[in-house]
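Each of the next two complexes has chain A plus one other chain: chain B in the first, chain C in the second.
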Partner chain A sequence: MVNIIVCIKHVPDTETRIKIKEDKKGIETTGIKYIISPYDEFALEEAIRIKEKHGGTVTAITMGPKRADDILRTALAVGADNAIHILSENGDSINTVMTIGEVIKTLPYDIILTGKEAVDYGMGVFPSGIAEYLGINNINNVTKLDISNRSLVASRQVEGGDEIVEASFPVVISAQKGLNTPRYPALPNIFKAKKREVKILDAKSISVPPFISGGSLVELSLPPPKKGAKMVEGQTPEEIAAKLIKMLKEEAKVL
Partner chain B sequence: MNIIPLVIAEVRNGKMKKASQECFSLAMNLASGSPVTVVIAGSEPEKYVNMFSGASKVYLLNDKNKNGYNPKVYTESISSIIDETKSDVIMMGSTVMGKDLLPRLAVRYRSPIMPDSIMVTKKDNGISIKKAIYASKAFEEYFYFESEHLFISTRVNVFPVKSFEGTPEVISRDLAGDGYHVREFSQSKGATIELTEAMIIISGGRGLKSSENFKIIEDLAQVMGAAVGASRAAVDAGWKPQSYQVGQTGKVVSPQLYIACGISGAIQHLAGMSSSRCIVAINKDPNAPIFKIADYGVVGDLFQVVPAITAEVRKGKE
Partner chain C sequence: MFELTEEHKILFSTIEKFAKEKIAPVSNKIDEEDEIPREIYMELRDMGLLGITIPQKYGGSEFDMKTYAGILEIVGKYSGGLALSLEAHNSLGLSHIFEFGNEVQRERFVQKIINSANPVAWGLTEPQAGSDAKNLLTTAKKEGKHYILNGSKIFITHGVLSDYIVIIAKTDNGITSFIVSGDSDGLTKSKIKGKLGMRGTDTAELNLDNVPVPAENMLGKEGDGYRQAMKILDGGRIAIAAISVGIAQAAVDSSLKYMKERSAFNKTLDNFEALQFSISELQTDIEAGRLLVYKAATLKDSGDSYRKTAAMAKYFTSKTAMKAADFAIQVHGGYGYFSEFGINRLLRDAKLLEIGEGTSEIQKLIIFRELTKD
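For the complex of A and B:
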């Protein structure tokens, strides 16, 4: 029996066009479609597979505003046993680690699965951050996981290859693409999941150690608009190649 | 903040990470005279001390039992060095290790962290940092002024490497393992230059049509001394392993030159490469979205254009 916790986050769809508010302190959220962060899909799928193979329970946790309820329903529909929603509008990474950490401390856990990073702010702080907060080990960027006897062997992607790492429970695993192929929830399960219970907690009622954010947001900005490509033309591929290389050397100065 | 930097430098596969040297140069600039501490992690750390001239102290983390990188053990050891040296700005390259270790330290010190920074500037009474967010579709600038510690990781290939003078004091520290150990390392086949560190990247997409055709890209990469990348379509088709993927669910790269061959330019691909200094797109479809963000474009058949470029570069070398 393995006690599995999977942390999932609601983020803007990867296709979203980002518009910045007039005060430059945030983005326009109207019209944005939210999804489960892509790496968290791998984490969720792996949680379900571990349970199917070794037995146990899967608890899905998200911290976020009301709308994040969606992804907990998805988690329940694909096979999670419990869902916890920590209501919060605060997005700070360290605060998220500590708040979710306090909730996890009240639960039994052997494996905590997360995405390698959330695609909204691309922080990648949570996986090893939560492990530190709980005082346990973590293995990041995992593409393969084998569990036996309350320990596991993971293959993790590092620069230039893969590291095969052994660790014992409890441990935090962050999922990299390639870990598995996530399933789709079956339609009847989607409907059933809508009626299931989600435990709701208010982040403000969870006490965490003091933390100084230490700074303030100056502004959000958009990348400077690109002029559009300078087209390289010619009668033959050879002519085009010669022109292109010349431009890269003399104009762009990158060769 | 007094800005007393500590840089965690990383040896991987018998080489000092370029990201670590970039980070050290930045730290020296930020310090403007205050002492800079460097901690070298990885095998045979003593070999790399001379790369950090100008630092006041260099700590060597000796992995005597050859356990490999261990998040808990490293955190323990480095936090004692942070305390000893009273360092307050802790920096590391945004490498796989950086993404693992720095958040641990930030949580330990309950202090702010800005990962994968692309701009770090010292201001009158603090530090201003910029980071790409929403997959490089926007940037966020933050100003830090009152935390006791600040943790910064720097995006690879963004900050220039400079050299400094002065011989540091060298101090050795032994590491011990616990409940986590690296059993083996299997080097990926084929790829010789790490994508995130490459100055030039040649990427192939669905337009290549098969795994064998990647040879065309690899030939060009070889003559240019470039790394090879791939779009998700090419990875999902099984033509290249996941470690080649550039984009939102792949690697984020900022080379000097990125040449996209047979890649349409989907927003999730752009997320991984749009901050490249110069982008060249080769695509047979004149309306491919990649041309909107490219600096140079060639409308044509990659099977003709790419070998012609390879030949041209080869010619230039003779």
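For the complex of A and C:
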């Protein structure tokens, strides 16, 4: 029996056309469709697979506004046993780590699974942050996971290859693409999930140690529009290659 | 009346995600090869799409008609062929067995069909008779504990693939329907080639040469078949209309996307008023059609008469799908005429919607009859 906690975040659909608010401190949220952050989806799927293979319970936790309820329903529909919603309108990474950490402290846990980063702000602070806050093991960017006898062996992506790491429970695992292919929920389960209980906590009522935030948001801006590709033309492969080398030297200055 | 609940929103976005990830990458292949990959049926089954309106007790998902229509609209946006397969399976064959089958037949066939992930077929049309169903020539003669079936059926969706086919035939006391096993002696099934659109769904010709069918496979009583078939077609029309809305929406969505990207005479196409007007007109028709579909579905869900509204929905939305697909090809120019962008498929698929399960002319006959009946 493995007690698994999955931390998931609701983020704008990756196909959303982002518009920045006038004060440059946030994005326009009207009309945006929210989804489970794709890396968190891998984490959720892995949690359910571990439960199916080894037995245990899966508890999905999210911290966010009321609309984040959707992703907990989806988690319940694909096989999570419990869901906890920490209601919060905003919270920086450190605050999120500590608030969720305080909630996790009240629960039994062996493995905490989450995505390697959320695809909205892409900070990637949470996995190691929560491990540090709870004082437990941590393996990030995991693409393969094998559980045996209160410990696990994980493959994690490192520059140029894979690293095999072993750790005992409890441990925080952050999921990288390739860990698994998430399933689609059986549709009737979506309706059943709506009737199940989601435990709601107010972030304000959870006390966390005093902290100084590491940074504050100054301004958001959109990336510059991508320039079109440049076609290198010529009659023969030799001529094209010569032109390409010249361009790489003189225009791109990479050679 | 038409507000979506939270769970419907989650459900539809799940289908949309599935369609984007699993159907969109193969929709051109389904069209080119005229075959739906087997894995897709398995995934549809696992998600609960092979028994959409069937009660959970019999292995179905127990969704109402409105939810079913919403699902078909989304699948229709990505692959008309696959949507039609889902429609023929759920609305025709499976619904017929479930609605008119007795408890024994329901227990014996419904869950088995859903679990097998083999879509079921429904055989009404014959070479000489479509909507004129009283003119059927296929016969069923009772001999002891069996009925012996003779005749031929044409344009039967899933005719080759299916393990079971509902066959509608003439008996001594009128028209009667039977569950016929796909591997029956005397039954020959052949795929019909050269289909314009809705490719992927297996469309077959069936020949019945002294096919013995156990009497316990009769659905309802002798003589009930005509009324049953008309009722099944009424429901099917709502589903066909939902697919029509999906195809029309796909045509407008892809046109609008292309208009924003493509330039002519130094401005993108979305700056041309003639094209803006066309988009506005088509989207208005789509939304009006969608409301007709929802109205017909809501009437069916609440047990009210929906024959007229279903006919109106099918007539109107299939015409809209044709108009929208025609516009999509026009706006895409050469890229629309060729297959690569999947645009010409929309027009080829849309044409079936004006023909299958009663032509537009039949829909207008039904609407008039419903309007003038006492």
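In this text, the second predicted complex is superposed on the first by the 220 of 255 C-alpha atoms of A that agree within 3 Å, B and C clash if a C-alpha of one lies under 4 Å from a C-alpha of the other, contacts with A are read in each partner's own complex, and residues count from 1 in each chain.
The rule is short, and it goes like this: contacts are C-beta pairs under 8 Å (C-beta built on N, C-alpha and C of every residue); 3 or more make two chains touch, one makes a residue touch a chain.
The structure presented is a predicted model; accordingly, all values stated were derived computationally and were not measured.
Participant: Output check: A:Q176 vs chain B and chain C. Expected answer is one of first, second, both, neither. What do you get?
Facilitator: In the superposition, A:Q176 contacts chain B only.
Participant: In the superposed arrangement, does chain B or chain C reach more residues of chain A?
Facilitator: After superposing on chain A, more of chain A is contacted by B.
Participant: Just checking: does A:Y109 make contact with chain B only, chain C only, both, or neither of them? Give me first, second, both or neither.
Facilitator: neither
Participant: Which holds for A:I94: it touches chain B only (first), chain C only (second), both, or neither?
Facilitator: first
Participant: Which of the two partners, first being chain B and second being chain C, lies in contact with A:E238: first, second, both, or neither?
Facilitator: In the superposed model, A:E238 contacts chain B only, not chain C.
Participant: Quick check for you: in the superposed arrangement, does A:F191 touch first (chain B), second (chain C), both or neither?
Facilitator: Once the two structures are laid over each other on A, A:F191 reaches chain C alone.
Participant: Could you give the residue numbers on chain A that contact chain B in one complex and chain C in the other?
Facilitator: No residue of chain A touches both chain B and chain C.
Participant: Inside the complex, what are the residues of chain C that reach chain A?
Facilitator: Interface residues on chain C, with respect to chain A: 5-7, 9-11, 13-15, 17-18, 43, 46-49, 56, 61-63.
Participant: Contact residues on chain A for chain C in the complex?
Facilitator: 33, 35, 69-70, 73-74, 77, 183-188, 190-191, 193-194
Participant: Okay, in this complex, where on chain A does chain B touch?
Facilitator: Touch residues, chain A against chain B: 12, 14-18, 20, 27, 38-39, 93-94, 97-98, 117, 119-133, 136-141, 143, 153, 157-168, 171, 176-178, 209-223, 226, 228-232, 236-238, 240-242, 244-245, 247-248, 252, 254-255.
Participant: Quick check on the complex: what are the chain B residues that touch chain A?
Facilitator: These residues of chain B touch chain A: 12-13, 68-72, 75, 95-97, 99-101, 103-108, 110-113, 115-116, 126, 128, 131-148, 150, 179-188, 191, 194, 196-197, 200, 242-243, 245, 248-250, 252, 256-257, 267-268, 271, 274, 277-281, 291-300, 304-305, 307-309, 311-313, 316.
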